[in-house]
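Before anything else, here is the set of structures, which you'll find just below.
What follows is subunit A paired twice: with subunit B in the first complex and subunit C in the second.
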Partner chain A sequence: MTGTAAPYALVIGIECHVELATSSKMFCGCAARWFGAAPNTLVCPVCLGLPGALPVPNRRAIELAMTAGLALHCEVPAHTKFDRKNYLYPDLPKGYQISQYDLPLNTAGWLEIAGDDGRPKRIRITRAHLEEDTGSLHHDGRGTLVDFNRSGVPLLEIVSEPDISSAREALRYLESLREILIFAGVAEFRLEEGGARFDVNVSIRFDEGGETRWPPQSEIKNLNSFRALEEAVAYESARLWDEWHAGGDIRTRRTKVTVGWSPERGRTFPQRQKEEVDDYRYFPEPDLVPLSPAPADVERLRAALPEMPVEQRARFVRDHGLSEYDARVLVSDRALASFFEDAVRAAGGEPKQVANWVTGELLRYLKEGNGAVSAAKVTPAHIGELVRIVKDGTISNTAAKEAFAEMWVSGKAPRDVVESKGLAQVSDEVQIRAAVDAVVAENDQAIATYRAGKPQVLGALVGKVMKRMGGKANPAVVTSVLRERIG
Partner chain B sequence: MNALPRTGREAAELLRARETSASELTDLAIERARADTHNAWLLVSDDHARAQARAADLRLRAGDAPPLCGVPWACKDIIGTKGIETTAGSRILDGYIPSYSATVVRRLDAAGAVMIGKTNLDEFAMGSSSENSAFGPVKNPHDATRVPGGSSGGSAVAVAAGQAVFSLGTDTGGSIRQPAALCGVVGVKPTYGRVSRYGVVAFASSLDQVGPFANDVETAAIVCEALFGVDENDATTMALPAESLREGLSDGVKGLRLGVPREYFIEGMEPGVERAVRAALAALEREGAELVDVSLPSTDHGLAVYYIIQPAEASANLARYDGVRYGLRVAGSDLADTYRRTRGEGFGPEVKRRLILGTYALSAGYYDAYYSKAQKVRTLIKREFDEAFAKVDALVTPTSPSVAFAIGAKVNDPLTMYLNDAFTLPVNIAGLPGISVPCGTSDGLPVGLQFIAGSYREATLFRVAAAYERIAGPMEVAA
Partner chain C sequence: MSTLDRSVVEKVAGLARIELTDEEIERFTAQLSVVLDAVDRLRSVDTSAIPPTASVLPVDNVMREDVVRPSLPLEEVFRNAPGRDGDYFRVQTVLEQR
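Moving on, here comes the complex of A and B:
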C-alpha cells in the first residue's frame, strides 16, 4: 500500500470510458469495430457530421448500457435523455458530442473489491452514461490528419466515487470492472485496441500541524493501460506532495488541474486549459426523443444477466468444494465456467474431478491449440462421461488421459474411444490370478524380501503384473490378489 | 405553351391528356427560372432536371404514374441535394456538394417530380425577409422594391411568379407561411414529426419542419402526401398510418368551430391586414363555420421563448462549420485562429448575432434563467393550444401583421424584423401544423390568412383552408 511509505492518504476516483460491444455505431449503421481499419472507411454522413445528418439511437447500445448498469447494481431512472456537449475540436465533427448530462442511464451503483486491508470494500459508482466516441488525430510531418472511423462508436462512461485509496485498489477496481463488463457481454475491454480509457482524479490528504489538509486534485486524462494508471498515480501523488512542500500554487489553488501522462518520460505534464472547454453548454439533444425505460424491459435485461464473477467464484467454493484457485481459473472465462457446470451435471456430481479435467487437460490442450472453449470438440457431456467411467473403474486414470487425447482430436465420445483403443481395465480375477501366478513364479527373491518384512517391494511386483497385462489390469484388484497370494 | 400550369391538378391533367410532356414543362420552367429577375434562384440544374423529366415521361407513358410525376418544382437551398451544390445561403457552404439527398428530395424523386433548381433564402434560414442571403436579397414579384418575406423567399417567389408548380421551404418560426402570405401563395408548415428533417441543413432542430408552397391548397396537400411519413433516418418522425389529405377538401366548414385567438389581433397590425382578415372571418361564418372567441394568454411570451431556444439550438447546429472538413476554410496561424477566421468570414451578421445569443443563453450560470425557463414557457404555450383545441377544430389568425415591406426597411432593426413572426412562431413552439392561404390584398399587396390545427390534424387544416380558398377565389399569378 502506497500509504505505508507515504506520509499522506490517497483519494482516487476513476472515470472509465469503455466501448460497448455493438456491431454498429451509436447513432448510425457504420461498423463499430474501428481498430485496424483503413482511415475513414467506416464513415457515413451521420458520423462525419455532414450538414443535415441526424442521429438514430442504437437500441442494442442502450440495452448493453442498461445491462452494464444492472451488473454494477445501478438504479435505472424513470426518465433519461441525451444531451449535447459543446466544444470545438477537429476530431469532433459536429462541434458537439452527444452525451448524457443530468439524467444518465444509470445512477448510484457499486462494485466490490478486496481492499488493501484484505477486507471486501465497496467502490460506489456515481453514474454510468452513454455517449459517442470522437474521431482520432494522427500527426505526421505534413500536419494533422483526422480519422473518423472511431467517430460515433458507443462509449459507456462509468464514474466512480472517490472511494479508492491506492493505486493497487484502483487496479483491482478496474480489473473487477473489466471482468464484470466482459461477463455481462457488454464490452470486450480490449485495452490494446483502445477499447477502454481512464481519467483518474487523484488527491492527497494529510495532517499538518494538527490540521487536515486536502488540496485540490489532479485529473490525469486519457490513460490507456493499467500500467500507465499505476505509474501515473504514483507519480502525480508524489508530485502533489512535493508541490505542497515547495510552497507551490497548490496551497492557494481552489480548482483541480488537468494533466496528461507521458509513458516515455514517466511523468505527467500540464494540459493546456482551453478557455472554451470550461463551459460545455450542455442542453437536451433535440434530434433524439427522451427515453423512459419500461420496467418490463429492465426486468427482462436483469433476468438475462449472468451470475457475476465474484458471486460465481464464491458459489463454486461453497457448493462445489473447489479451491479458491480452481474457482478463479474457471471463472476467469464465462464460457469455461459454464462448461464446468454443464460437465458437473453430466457427471452427476464429482465437481472436484470435473474441475481437475477442465483446469488440467482441457485448458492445457486449449492453450496449446490457442483455441476457444466454444470451439473445442470435447464437450461437457464427454467430460462428465469420462469422470463417470473412471469412477466406476471402467478405465484407469492413465487410460482416461489417453482417451482424452483421442477425444480432443476426433470429438468421439469416451466410451467409443475406450472401445476402439481397447482402453478398458481388466478386473476379472481369473485373468489377474494367472498373471500374478506367473510373476510370483519368476520373482522368488522379491517375494522373500517381502515376506521378510519389507512391504515396499509390493509396488514393484504390482508393476510387473500390470506390465504383463499390457497396463489394462485394475491396479486395485491386482494389489489385493497379489497380497493374498504371497501374504 | 407559354405558361406553366398553375396547379398540380392542371399539370397532371395536361400530362395525362398528352397535351404536354414533362420535358416540355421542364424546359418551360427552366426558361422561366433563368428569366427570373427577383434573385429567387441560386442554381438552375438543367441537366439534372431534363434527365428527371425524360424519366417522368417514360413513367407517364407507361401509365399509373403518381400525381406529381413530371411536375416541376423548386427546392430551397437549405435542403441537401446529392451532387448539386447546397449552400444554405451562406458563404461558409459556398461550393459544398452533398454526398446524399435529403429524405424529402428522395421522396419527391420517387414521386417523379422534376427539380428545377435551388432557391435563394436567408442565410441558414435566419431571417424574415430573404435579405440575409450571402448571394443578395430576393425581391417580391408583386413589387420588386419590397421583400418577399423569409426565410424561404426564393421558394415563395418561384411559385408566385409561375417558375415552378410547387416548391419546398423550411419553417422554423414562420419561414414558409410568412413568405407565402407576402407573395400571395399557399404555404404549409406540417406538424413537427410529420416530415423527415434528414438531409436538411439544421437550423433549430426542435422547430424546423419542411413544407410546400403552391398556388392552391390541393397541390400543397398532394405534396404533403408525398412527403409525410416516418423516416428511419430521423428519430423525431412519427409512424402513423398513411392518410388522404385530399378526401375532405370539398367538405366545407359548415358546423366546424373555428377559434379566433384575441391575442393575434394586436396593436401595431396594419389596418389593411386586419380588414382583410376580418372580412375572411365573416365569410367563413357565412359559410356555416362557428367562430369562437379563444384566448392564448402566453402568446406574448412566444417571441422571447423563440429567441432563446432557436439561437441556442442554432449555436450547436452551426458549430460544425469549422473549415476542417468541407466548405469555406480561411487558414489562420493556429487551429483557434483558423476557426475564428473561417467563421468570421463565412457567416453573415444575422447568423453571428444568433450564434452569440444562443451561446450566451446556454452558458454556465445563465442556462436556468434563459434556456431552462424558455422550455417551461414552451410547455405552457403548448398546453394553451391543447386547451383551445379541446374547444375548436382549428384556429384562424393573420399570418403576418404586415404586408411585404420595403427592402432595407427593417434590416438594421432586428427586433422589428423579429416581430414579423409573432403570429407564426407560436405554432413552431407548440409543434403544430399551420397553413397560410391568400386572403385578398392591402394596398395592392397580398395578405395571408393562417389556419392552425391540432397535432397531426393536417386533414382538418387542408379542409378549412380549401373551403376558404373557394370563397376567396384564386390569387393572380404575379408578374
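Moving on, here comes the complex of A and C:
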C-alpha cells in the first residue's frame, strides 16, 4: 500500500453512489428493492422510458437525501431542481439520466475521520445530489442483455473534495460515510448487493528538480467493494508514477484518464473516454418542477436525526466509562446501542456490567442464532434486572449466565428463571457456618498448613464448602466465614 | 451571428449516435445555424431585473408518496422491444463497459 514510504503524495477524491432506502423508485411506483428479483419484473412505462410517461418525484427519497445532507453537515439550498444528463448507453432507456447539475440538493458539507497522523481530519463534501440508477447489463457470447429492474432506483451521489491522502484514509472515509448513512436510516449500503459504488479520482504530487509536479489524475470507475478500492488506488498511483518516469504521455497530456478495475487481474485498464461535461448537454428537466425545501421541513428532518456514531461512541466512553473497544462494538449497530442504553436505564446504572452482558452473552447468542437484536426474546429490562440481582448477591455470575441461557430461549424474566431453576445463591450465614464446620472437621491437615503460613490453601477449602452446598453459596460470605473460623 | 461549422454538427451527431452523410451534414449545418441565430436574439433582451427560474410553471414541490404500485406484466414489458431473450432485452453488444 502507498503510505508515507512512497516518493509522492497521494491526492484522492471520491464520488460515492448509494441507493436510498425507499420502498418505491425515484420517479415511479415500481418496487425499489431490485436485488434478486426476476429480470424486468419491476418496471413500468416511467422506468422503461416509454414515450409519454411522466416522472413524479418520491417524497421519501427527497427527504432521505436531505437527511443525508444534514448528517453530513451540508447546506440546504432554498431552490433545487432536476436536470437531464444526456448520453446514450443501453442501460439508460430514455437516452438521458435525471440528475442534478448546478443546483444540487446538498452542498458544502464535511465529515470527520481519523487522519493517517492519528489526528481528526475533516474531509470536505462538495455536494450530494439525487439521481436515478440505471438498468443492469449482462454480457453473453452473443451480445448484451438488459434488465431494467434497477432503472430509476433513487441514487445519492456524494462527492468529496480531494482531501484524502491515502488508501487507508479513503477506506476510513467510506466506512464513516457508510456508518452515518445507515445510522441516519438513509441507506442500507449493501455493497454485496450493488447498493453502493464508488468512482475514485487519484493523482500523485511530487518534487522533481525543485519543481512541484502534479500530473493529470486518473478516474477509477465503478468500484464496488472497499477491498477493490484499496487495491485499485495502490495500483493506479504506482502506475502514474511509473508512467511519469517512463516518459509516457502523462507528461504532456492535460486531461484525466478514465480507467476500470479488474479484480481478477489486480490491475486497471483504460476505458473509453466518456463524454466531457459539455457533451452531457445538461438542461433543466422539463417534466419536473423545481423543489424549494421549506425551512420547517428542513428543521423537522434535522430534529429527527439520530445521534451520529462518532458522537455516540465518544459519549459512551465519557459518560459510561466504557472502553473504546466496547463503545465501538455497541455503536456498530444502532439497535444494539439503544438496547444497551435502555438496559443501563433498567439497571439503574452499572454501564460496564451492562456492556459486558450486551457485548458478551447477548452478541454471542445473536451470532449463533444469526438473529437481529430487535427479534431477541431477552429485553433491555431483563438485562437490567440481571445486573441488579448479580450486584445485590441474589445470584452468582455463573448462575446468571445459566439464567441468561434460559431467558434467551423462554423470554422469561430473570427473577422467574432464578426461582424456577433454583439458581439463587445462599448468603445465609447459619447455613454456611454449618457447612464450614463440616469441612473444617474433615480437613485437619489443610488447616494446619494454612495456619503454618500458606494462605493459598484457603481457595481449596472454599471450593470444598461450595461443593458441599451444591455450588449455591455466596463465595464472598463463605470466604469470610471460613477465614474467621480457622484464622 | 452564429458561426456553426460542420465539425459541431458532426460532434452532436456522434453524441446522438446518428450517422450522417456529407450532404446531410451540409444541410443540417445551415438549418441549425438558422435555429441558433433565432435563439441568439433572446440574448438582446434585458433580463437583469428578472429572477432566474428553472421552470415556466407556477408550481413547485410536486411529489408522490413512497408507495409501491404494481409493475407491468412481462408481455406488456416486451410488447415493443426490438429484441427479447428470455426475460431480458437483447441489444447490440456494447464493447466498453461503463
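The rule is simple: the second predicted complex is superposed on the first by the 480 of 487 C-alpha atoms of A that agree within 3 Å, B and C clash if a C-alpha of one lies under 4 Å from a C-alpha of the other, contacts with A are read in each partner's own complex, and residues count from 1 in each chain.
Note that a contact is a pair of C-beta atoms (placed from the backbone, for glycine too) under 8 Å apart; a residue touches a chain by one contact, two chains touch by 3 or more.
Because the structure is predicted, anything quoted here is derived from the model rather than measured.
Asks: Name the contact category of A:Y365: first (subunit B only), second (subunit C only), both, or neither.
Replies: neither
Asks: Once the shared chain is lined up, is A:V146 touching subunit B (first), subunit C (second), both, or neither of them?
Replies: both
Asks: For the overlaid complexes, name the partner, subunit B or subunit C, with more touching residues on subunit A.
Replies: Of subunit B and subunit C, C contacts more residues of subunit A.
Asks: Quick check for you: in the superposed arrangement, does A:W241 touch first (subunit B), second (subunit C), both or neither?
Replies: Neither subunit B nor subunit C is touched by A:W241.
Asks: By the touch definition at the top of the document, which applies to A:L103: first (subunit B), second (subunit C), both, or neither?
Replies: Second partner only.
Asks: Figure out whether A:G49 sits in contact with subunit B (first) or subunit C (second), or with both, or with neither.
Replies: first
Asks: Answer with first, second, both or neither: which of subunit B and subunit C does A:L88 touch in the superposed model?
Replies: both
Asks: Which holds for A:F35: it touches subunit B only (first), subunit C only (second), both, or neither?
Replies: Once the two structures are laid over each other on A, A:F35 reaches no partner at all.
Asks: Per the contact definition in the header, classify A:P57: touching subunit B only (first), subunit C only (second), both, or neither.
Replies: Both subunit B and subunit C are touched by A:P57.
Asks: Just subunit B (first), just subunit C (second), both, or neither: which does A:F206 touch?
Replies: Neither partner.
Asks: Show which residues of subunit A both subunit B and subunit C reach, each in its own complex.
Replies: Overlap of subunit B and subunit C footprints on subunit A: residues 45, 48, 50, 56-57, 86, 88, 90, 146, 279, 281, 286, 288-289.
Asks: Enumerate the contact residues on subunit A facing subunit B in the complex.
Replies: So the residues of subunit A touching subunit B come out as 45, 48-57, 84, 86, 88, 90, 93-96, 146, 278-279, 281-283, 286-289.
Asks: Would you mind writing out the residues of subunit C in touch with subunit A in their complex?
Replies: Subunit C residues touching subunit A: 15-17, 53-55, 57, 59-72, 74, 77-78, 80, 85-98.
Asks: In the complex of these two chains, what residues of subunit B are touching subunit A?
Replies: 79-80, 86, 88, 93, 96, 98-100, 102, 197-202, 204-206, 232-236, 312-313, 315-316, 318-320, 322, 324-326, 335, 339, 359, 362-364, 367, 371
Asks: In their complex, what parts of subunit A are in touch with subunit C?
Replies: Listed in rising order, the residues are 22-24, 28-31, 38-45, 48, 50, 56-62, 79, 81, 86-91, 103, 137-139, 142-148, 221-222, 260, 271-272, 274-275, 279, 281, 284, 286, 288-292, 294.
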